[in-house]
Amino acid sequence: MIVLFTDFGLEGPYTGQMKAVLHREAPGVPVIDLFADAPRQNPRASAYLLAAYGAWFPAGTVLVCVIDPGVGGARRALILEADGRLYVGPDNGLFELVWRRAAAARVFEITWRPEQLSASFHGRDLFAPVAARLARGERPAAELLSPELIRRADWPDDLAEIVYVDRYGNALTGLRAARLPADAVLIAAGRRIARARTFSDTPPGTPLWYENSNGLAEIAVNLGRADEALGLETGSKIEIAA
Amino acid sequence: MIVLFTDFGLEGPYTGQMKAVLHREAPGVPVIDLFADAPRQNPRASAYLLAAYGAWFPAGTVLVCVIDPGVGGARRALILEADGRLYVGPDNGLFELVWRRAAAARVFEITWRPEQLSASFHGRDLFAPVAARLARGERPAAELLSPELIRRADWPDDLAEIVYVDRYGNALTGLRAARLPADAVLIAAGRRIARARTFSDTPPGTPLWYENSNGLAEIAVNLGRADEALGLETGSKIEIAA
Amino acid sequence: MIVLFTDFGLEGPYTGQMKAVLHREAPGVPVIDLFADAPRQNPRASAYLLAAYGAWFPAGTVLVCVIDPGVGGARRALILEADGRLYVGPDNGLFELVWRRAAAARVFEITWRPEQLSASFHGRDLFAPVAARLARGERPAAELLSPELIRRADWPDDLAEIVYVDRYGNALTGLRAARLPADAVLIAAGRRIARARTFSDTPPGTPLWYENSNGLAEIAVNLGRADEALGLETGSKIEIAA
């Protein structure tokens, strides 16, 4: 299975052209849209989302990850092998948290280049063909890299920010719920928010946080929209009170 | 064929994770997005949309239907077998109109449970695996239910409300056009709206209603947007004048 | 491969129903969403987008193209065979630029009709079944047309307008970059915009234009949004200064 994690959107041409390449070069392999609206041009926030959601897929999955504001510049192109999954994408920190949480990982710089490489769409021209080859069991030309070259050691283990707002207005943080004290209170927009098992445990209109289905602490309002009620958007800062 | 009818959106993680489960557990079965933007958290309006659009698919189709504001609470999980189609989803009225319009129907409570069931995402953890089993011709553990237990007998046969606004600004009602008098006038936002065969039969800028390609009465403005011209949105009430 | 080029959106019922028809009538043929948000109800702007993006696909591709404000009226239904690709859609100018740029082309009027043809959804009822037949290697009933009957000879070879704004706020023009002088300056919203190889070559906040990955001149702002910075939207006029 090939999984797409991008900020490209589905309706315009970018995801479609990537899928055309994937279907042509890895026929019969299912292609899944995981996120087409990851934090736009924001590899740091995206890194926490990717680490939480990528780990849900079984070993053998190839994840094509393109949040790539530096496309056309000098950043490397990478393959990260982590716990049996293969992540393909730019060297801009996007894989930092996957790397940090993996039991076993190796990183490669992609040296293979297509005959035609546009300046602005490496997703289609470079990352998709590489992902297709990996899904077929081939190894495109790549060199083992020293991990230090790609690390973002100064990034935190968990991110006390909103990394995604879903269509219900729920605001996902970059915090793993299992790493928070059971009685942790989150502070967002000046409001103290207590934990609940699920939003239906809380009175209508009240903000709450809970462990979402991929392990992140998520802020919601029962029968309401947390984004509107609390003024939250991707990038909003959160505090943790004991 | 497996058909998705949800309020999840396509770009975020929910539809993608459901498709990952479906492709893994029912390989080779096509998965179709029918609606990913059904009326949000609104099983009643969604029920009229589902009845109109689900019936377009042939017998043998499995429809996974997740408008599920009560997820994590005590509501049942259902399989509705209606005229040879299989509908999988929560017990919150979503299947009421499918049931009511079916020539033959039976309903089952799903008793099968996955090893891991999140509190907030039964679409991925429960409904998708059940749908995959049904698409493979298997029967997950389920018990025949007395239909009275799931009915919403007080809901009308047709809903005089807007149940969907499409990207052209056309406003779909929950009314079947074939049940309306040929010369019925709809009243929306205080405006009297006459019937036309299609919008190109009407002067530019004029509101009209017509029978859409799935049998619902739909309000449009030729070369304009009915939602903006008339102030319509999902939930807006309509009246029928003879 | 079957490629969809429409203004239908992905989340509502239209694209899903088309794909259901395509999967049923051409099982196993991959279906790719190229654009689901082509310029709405605007065949002229869409024609320049289609010519630029359709040509990226290899010979043998079937493209179903439905920007169709005249559906239900008297416009013809067409198959355009151009450089080995097959384009299926309405006769409203949408294929004008594909025709004009093709080395070899023929156009056919589709005379085949389905048993049931709705007044408002020929994409599902007529164009998708025809595309499926073509993808299977069959020829639905159609008659060779004199090209003069479908031409829009008064349309320009390149369109000095914005034809698409992507989710990064980049504004695509209908101008082929290769036809512009190397030092061409574009004028949009009164601002003079110089060419760059890619946006990372330009200071943050500065507008620039470049040849995008499908050959169109595209206006962007490095680390910003050109649509907001310059007030651009689909239909905005552009001028070319030497």
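Order as written gives the chain letters A, B and C; numbering starts at 1 within each chain.
The criterion applied here is as follows: contacts are C-beta pairs under 8 Å (C-beta built on N, C-alpha and C of every residue); 3 or more make two chains touch, one makes a residue touch a chain.
Every value quoted in this text rests on a predicted model; they were computed, and no experiment measured them.
Residues touching across the chain A and chain B pair largely diverge in numbering: under half of the numbers involved belong to both copies. Note on chain B versus chain C: their Cα superposition corresponds to a rotation of 120 degrees, in steps of 5. For this pair, chain A with chain B, the centres built from the Cα atoms lie 31 Å apart.
Within chain C, residues 9-10 each touch two or more of the remaining chains.
The part of chain B that touches chain A in the complex is made up of residues 7-17, 19-20, 23-24, 27, 40-41, 69-73, 118-121, 124-125.
Chain A makes touch with chain B in their complex at residues 1, 3, 9-10, 30, 32-37, 53, 56-58, 164, 166-168, 197-201, 210, 212-214, 223.
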